[in-house]
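Note that chain A is present in both complexes that follow, paired respectively with chain B and with chain C.
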Partner chain A sequence: MADASATVTGTGGVAPRRRRGGSGSLARVARFTVVRLLALFLTVVVGVYLTILIANMGGYVDELRRSTIRENVSLVVGMDPELRRLPPAERIEHMESLIAIQEERLGLNRPFLLRSFAYLGGALTLDLGRSEFLTSDSGSREVRLIILERLGPTLLLFATGQLLLFFLALLGGLVLSRRYGGWMDRLVIALAPTSAAPSWFYGIFLILIFSAVLGVMPFGGMVSSPPPPDPIDYALSLLKHLVLPVTAIVISAVFLSIYSYRTFFLIFASEDYVEMAKAKGLSSQAIERRYVLRPTLPNIVTQFAFLIITLWSGAIITETVFNWPGLGRTLYGAITVTDVPIIVATTVIYAYLLAVTVFLLDFVYAIVDPRVKLDVGGAM
Partner chain B sequence: MRNVKWFLALALAFGLALGSLAVAQERMGAWVDTIVATEEPDIDRGVLQLDIGVFDVYMDGVSRPDLKRLIDANEGIDYVQAAGLYYELSFNPVGPEFPGGGLNPFAVPRIREAMNWLVDRNYVVQEVQGGLGVARWTAFNSAASDYARYIEVIRAIELEYAYDLAKAEAVISEEMEKLGATKVGGVWNYGGAPVVIKLLIRSDSQERVEIGNYVAVQLEAIGFQTEQNLRTAAEASPIWINGNPADGLFHIYTGGWITTVIPRDLGGNFAFFYTDTGLASPLWQAYVNDPEFYEVAQALDNNEFTTLAQRDEMISRALRLSLEDSVRLWLVDRLSLYPKRAEISVAGDLFAGLPGTPFWALTIRRGDDIGGRIDIAQPSMLTNPWNPINGSNWIFDQSLIRATQDYGVIADPYTGLNRPHRIERADVVVRDDLPVGSTYDWVTLTTAPEIAVPADAWADWDAAEQRWITVGEKYPEGVTALRKSTVYYPADMYGSVAWHDGSPISAADFVLGMILTFDRGNEGSFIYDAAAAPSLRSFLSSFRGVKITSVDPLVIETYSDLYQLDAEQSITAWFPTYAFGPGPWHKLAIGILGESEEAFAFSSAKSDVLEVEQISYIAGPTIATLDRYLAQATASGFVPYAEAMAPYLADGEVAARYANLAAWKARQGHYWVGSGVFYLERAFPTESVVQLNRNPNYPDPADRWASFGVARVAEVEVDGPARVTIGDTATFEVSVSFADEAYPSVDIDQVKYLVFDGTGSLATSGDATLVAEGLYEFDLDASVTGALAVGSNRLEVAVSSKVVALPAFDSLEFVTVR
Partner chain C sequence: MTALRRLLGTLVQFPSAIAGLGIVVAMVLFAIYAVVSIPYPEAVRLWRGGEDVWSDNPRTVPPAWFNWWPGTNLPTTIRIDSAVEPGLKTRESLDGDLDEVVIDFTIDYGFDGFPQELTLFFTATFAESRPNVTMTWTTPDGREIRLGNLTLRPSEAFRASQETRLERRLNGLPPEIGLFADPDDPSRPLKGTYGLRVEGLLFEEAADLDARVVVYGQVHGWAGTDHRRRDLGVALMWGAPIALAFGLLAAVGTIVTTMFIAAMGVWFGGWIDATIQRITEVNIILPFLPILIMVGTFYSRSIWVLLVVVVLLGIFSAGIKTYRAIFLQIKQAPYIEAARAYGAGNMRIIVRYMIPRIIPVLVPAFVSAVPTYVFLEASLAVLGLGDPVLPTWGKVINDAQANGALFRGHYFWVLQPAALLLVTGFGFALVGFALDRVFNPRLRDV
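Let's look at the complex of A and B:
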């Protein structure tokens, strides 16, 4: 593998450290950084451009749009009693001028290839531009505002849900790994398949039980209608509206996550060096902290980092079920009407977040795991 | 003592009743204090929340049979019904052979005509739509005044073209053989290959998918092979309407159309739907009609008749010829139900339902309550910026906007005829060769051999010099118009009607509206918007002049070549409510000022060109910009088009208006100022909630539109002998009622009877005579019964009302014996 990567040297345990001079290490890190950034940037460029091509169906969307504009204008003109009185030539001229205005607005008067590079250029420089159809909740066409307005609710819901899930799973996994074979362990294993159903599935049931039948929880939305003017009341209403969606998110994955972590911890707990530590008579807390948790840290950090960036895009169906005004619904709306700037903006931001995360994780691995070294062109 | 108690109790009850009555009488504006609109995209959940009382009204139409059953089974929920959407089959008329090869049977008019017998419309209504539809055979909507007017012809057509598979197969087989096709193993073959009918089916509508499937099954039953091509609206568009039909990519398209206002004149439908003058689309350009049909369709489209009797004859002919042409096969008028809590009374439009009419806000009430709050749910809201000039036209934004604005005239939700809202009365003069009639007494209709437009009327606008161009300047030789409307506004309008920020309405509000009609589409304008130019061009094609003949009270004359058959629809009722919302001049002025400096723009198209925000008066980034321009306008005393506006501004009006607007913004946090029955308390964009509060200064009593509480669709029952001796006179009775009470005869337009003999042919028809309120009678005399053969006959009665466009029917079978 000739890629720039963080390499794990040695096998099966703690590798002997290679000593190098300070300037040599710096050069190595600098070289690694440059190569890694270039590779990631190229990946982002390719990914974003592919998104542009796919979102536009390679330019076919232009044809659909032209046709839709022509259809709509024809119908508007054809059904307008004043316009129908115009002589045919004048009526067609009128129609063509309306069509030209709309085509120009959507940039259809320029070849798709040129526009695709304009989209790419804007995206890479984070000049997100203006949407083609959708507006922000408050009426702006700036993609930046469209995203920012929905980012808050998405982060609130998914950060609450996913962080709760993450820490519950981590803690639960740790606890169960200590009680391997106990009734709780068996219960969690038995319940793990419940995670086959997504959060929106549980959401529907939760709404049915707590909203429709018991009437104690709202059906959806972010706050009650109309939103309370007092900030404290608003916050309380927000909390109440968070309960069901967060519960759905947690329920949908908690058992499988606990089971995964528990298995993961168990595997590490049965390593030779853990047995050695036990034989040395170290306390179970010390063994857990030094010999189980630490080697598993890169994986946990990776999962945590990816969890954080996946919050970015929200979840289309869960947001829809709970009528939550998040980014997922915005993205779905954008895909439905092929609002390319919004699709591209969401993708490019995700791509940048992913690239930055991957880049930083290489350093984090090196910090938290002594076996990992930063290098270019290493081998695994 | 006991009597005293009784007396006291009675006195108390009487006092309370009087008190309630007094409160009811004093109630001005809306019945309720607050409307809270919340977004609920899922109609199932919307209905569920109606059931448990979270919502009171769901503003979107339900067309699913399962939901209809759910609503019917629930005593707590009922609905308002509308029928503005209709489905058809569009045939590709190219051929009979496509240039690229392949047979197109639908190039043959007789095969298209025979498709009427092949398709069972009642099956579509019952099985596809679960009863939520009305079978339809002609270009006329079943809930339109023209349908009722020509019921005699239409019912005969409906019977003639009723489902008859054997007849369809016979006619189609005959024509297929003429084309050179042969049946091999029960399958039509042409040129050695099976004839495959390509159905282009809209996949984004489950009903249209099922309709497509059904038609395919019927075609296969008579020996065709079919290919079903499911496409979304965007994907189908390049094929059916913009593609070349000669490419042969489809034979049949499952079409759907929507009408959002009750049509008063459907005469133009023949030219629009059947001939090449309908649309510039390649499909329409491929239509080749029988010359007689083409001629009558064009004549109807151009109103080339001078009497209604002439029109009747032309339409009767066009209706029959359209079935023989059948490039379009009408299937059903779909019914939509707008669910609501049973205790809520609210008026909905017969075509546009609840969100499409301002009457929902003017009439909504919970039982007999006064005040309180009503919660409505809408599928989506706040999708675009709100501004009166070119803001959101999304139906569920407009439903709320309508509650905040007034009108010169409002379309009656049940007949489509205009009713006066903020105008008092109108005079209409039409050229004496035009067949215009009037229904209501608020319009005075007269005719004249010629209508000359006064030289001092305003005919156009000089945007560069910001001044009116008079008729004398534009038409030095003088100009005439086909109609003139003179609108009289109430004498107390300036004192009684106020904007929500407290500013009294003034003539300047009207004049700015007139100026903006011309200015924005004019290249010389300082706020020129290319997107407004086409509309201006079409407006000018019929507009001849406008003249304010009196400022106080306000009287405005408008001259135009545009007229309709109803005088009520031939009125230009100027009022400062624009296409997308209410527009007091000072609210618009700050937008105009900002747009002139390219800080933002009213239209989406211009905002894209300038790469600035589109103005929103309710929320978002343009609110801060509007703040800035309000301050600037206040400081400078800015009046747009100052010279033209000056004569219509009162002393101190400019400063007072801006002060009122600033105070309103400080109080409400937005600039949405209207004069409607509700004002916008606040919009919560991210939460998708809008709160409307009752306008306490609204000048109309709450019960002004009480008669629109429900659509008074007549209930008809025909009764008479089941056995009639040939040659004898038989008398039949028709009772017409509504809610178990006799239908007032003054509201009845006609009670028509039709007798169809055993062969289904129309034997006779006529009008029943009023014998008592709600009771009509007619005789089939000896000459009529004498002409009937022995056997079964069908008597149909159609009742059309003046207050509801939807006709009512009943029928009776009777036997003729010797």
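Let's look at the complex of A and C:
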């Protein structure tokens, strides 16, 4: 994991080139953005299509939907007093025709290849029809509404955790690289292996200590129940519920991040140009900012990108453990009742979220990588 | 061999590596011990067997070593079976076909707490007329309490704790407390020897009956029990080989294939390389855990199927980019050109000349990947997608979560598997870190 030479997905593929200053610069940023977005969108399309293929491998989902239709139709026919009077053969025939209509409505009678493309279009716009069991808080069964409703809490939790983690790790890395070899340094190195465990794991311990034993923190949820009517109270309650899950996310990755950032800083601080800057008599702050932090940033962004990608998975279970009403818990709920549209939709939206993450970090990478700028100054 | 010895020599310089190696070796030994002492079918039977296997265990109690705390003396389970222990049962012929069987149990009770439950299990053999039993309880101070009487079926259980009439007779105290309570201070049990007399009337010559009394304790085994009375020890022990097997196989599978594919891509270049790059880009965006969850929900929850999926999804991982960068440098090395000049084939160059050069990067990555997969298996189990047959640490945590263990204060239920997971993960991570510093000279000095 701790490797400096890795780059975020294919920065080599679409070489971003920008001219310093001049009117061309904005256009180039725009072109880079468009090309990157297109490439990522294509990737997402392929990814989502693969997801659909996996979800429907062996026609399992179709089988499930067919049996649901059959069950519903036979229930309706069985409940109808008029139909009950029909002779059995006729009743079965009527039932079969109803089933055929339903299957045609859902497109189950078309070949899978065609259907999969229709499903792909639906999945990309999150238009996956209606869920089988779960409902949104407002009572809707529209998959899109359920997913969008749960997106907010997930983003809130995840963004808070990630930003806190990033700046804590950056700051910690800087502080440690200054006092390298000290007791704090050694403590962090010793604690770095704790990042082997995912965030939900620390979540369990945090709940155990702060909720079960000390009783100072809530066991889970996003706001207290019933939700406070006053907006300020609501925000405070939200903040209180946010503390433990965010702490769990931060603990699960912070020591390893500090350790690897610190190592980057130390490696870059031993370069000749840093010695040169020292010889020139620059202040240590200026050296740190201009000669250590700046060239390390691309590496740090890369590291952070990989970290976020792995943390997205962990967040699913962290939400479940903390009963956080986000996408992860929705997915968990959908698994327990086998709600197929929801499971597929959550997978798709996670693919989107990952793509957005990769895009943003690619963008940041292109901005902070000094080599990208040097490249532009010359040949073009 | 010398290279290995040199590596070990360097590793020994890191105290954390020694600790990590110690943990890993201990874990492996523990896993081997688990597999040898409880064979696989036996483990599955103990974990999935049903009420017959667990009926004599108390429900959701902490491990027996809780009694090691000074001042703690919680009851352990007392189990006496007249079919196993001789001398408890006496049989006397009354007249005609009528026989009387008397079973006298003596229960030495010296604990500070009350038992969790009290149950009598009967097994009776008869052709037509069902035997009849009367049960009487004697306390150390000589009081006699009638428990009740029963007409037996071939297999019958008398759960004293659920007898409301008995509860009324004991002034409203739950029977497991009322039967053991000190009459002067009902909040404490009376220590001493209790007697339980079962008098049975048999109406046939060939009929017989046996009884087993179980005084359920408040602690059990070395690991406690769960909500189904299952001994957690089985799951904690068998969790070790499963976690190690899953972690090691997944790590080997993903890392070796990833490395091989990266080497192929770099060596052949062109469209092969481009395809590998594009597949990797798509694969990075595929949400790993949700897809695993889909597979687990729709197809199979078998841990080995999931392992295959993990490896398949892990092949085209971000690691390919890392290895590719290194292979690109290696490809330019003069000795590769030399190999080509003497006519070495593509595969020979990849396997004999390129891959060995990357081993130093690979070994730490491999060791560090093991805990990731160990926790992945636990994560899946916590989501309820654990293997339906095998007992694993993650499934224990999942059961505990589902039954509100933390909320109800059953901390042992969560903490024991969590501690084992943590120790295993930490051990591998420690070794991985040390290896990283040994193999990556840039890190060694800092």
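Just so we're on the same page, the second predicted complex is superposed on the first by the 209 of 380 C-alpha atoms of A that agree within 3 Å, B and C clash if a C-alpha of one lies under 4 Å from a C-alpha of the other, contacts with A are read in each partner's own complex, and residues count from 1 in each chain.
Here is the rule we use: a contact is a pair of C-beta atoms (placed from the backbone, for glycine too) under 8 Å apart; a residue touches a chain by one contact, two chains touch by 3 or more.
Just so it is clear, the structure is predicted and the values come from calculations on it, not from any experiment.
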Partner chain(s) touched by A:71 [first = chain B, second = chain C, both, neither]: first
Touching partner for A:219 - first (chain B), second (chain C), both, neither: both
First (chain B), second (chain C), both or neither touched by A:347: second
Chain B versus chain C as contact partner of A:142, first or second or both or neither: first
Partner chain(s) touched by A:168 [first = chain B, second = chain C, both, neither]: neither
Chain B versus chain C as contact partner of A:320, first or second or both or neither: both
Partner chain(s) touched by A:180 [first = chain B, second = chain C, both, neither]: second
Which of chain B and chain C A:54 touches, first, second, both or neither: second
Residues of chain A that lie at the interface with chain B and also at the interface with chain C: 207, 212, 219, 320
In the complex with chain A, residue positions of chain C that touch it: 16, 20, 277, 280-282, 284-291, 293-299, 318, 321-322, 325-326, 361, 365, 368, 371-372, 375, 378-379, 382-385, 397, 401, 406-407, 409, 411, 414-415, 418, 421-422, 425-426, 428-430, 432-433, 436, 442-443, 446
Residues of chain A touching chain B in the complex: 63-68, 70-71, 74-75, 78-86, 88, 90-92, 94-95, 97-98, 101-102, 104-105, 130, 134-142, 145, 149-150, 152-153, 207, 212, 215, 219-223, 225-227, 320, 323, 325
Contacting residues of chain B [partner chain A, same complex]: 36, 38-42, 45, 48-49, 52, 54, 233-235, 237-238, 241-242, 268, 272, 277-281, 301, 375, 382-386, 530-531, 533-534, 537-539, 541-542, 561-562, 564, 604-605, 607-609, 611, 613-614, 616, 618-622, 681-682, 684-689, 691
Contact footprint of chain C on chain A as seen in their complex: 1-3, 5-7, 9-10, 13, 39-40, 43-44, 46-47, 50-51, 54-55, 57-58, 60-61, 180, 189-190, 192-198, 200-201, 204-205, 207-208, 211-212, 219, 263, 266-267, 306, 309, 312-314, 316-317, 320-321, 331-332, 335-336, 338, 340, 343-344, 346-347, 350-351, 354-355, 358
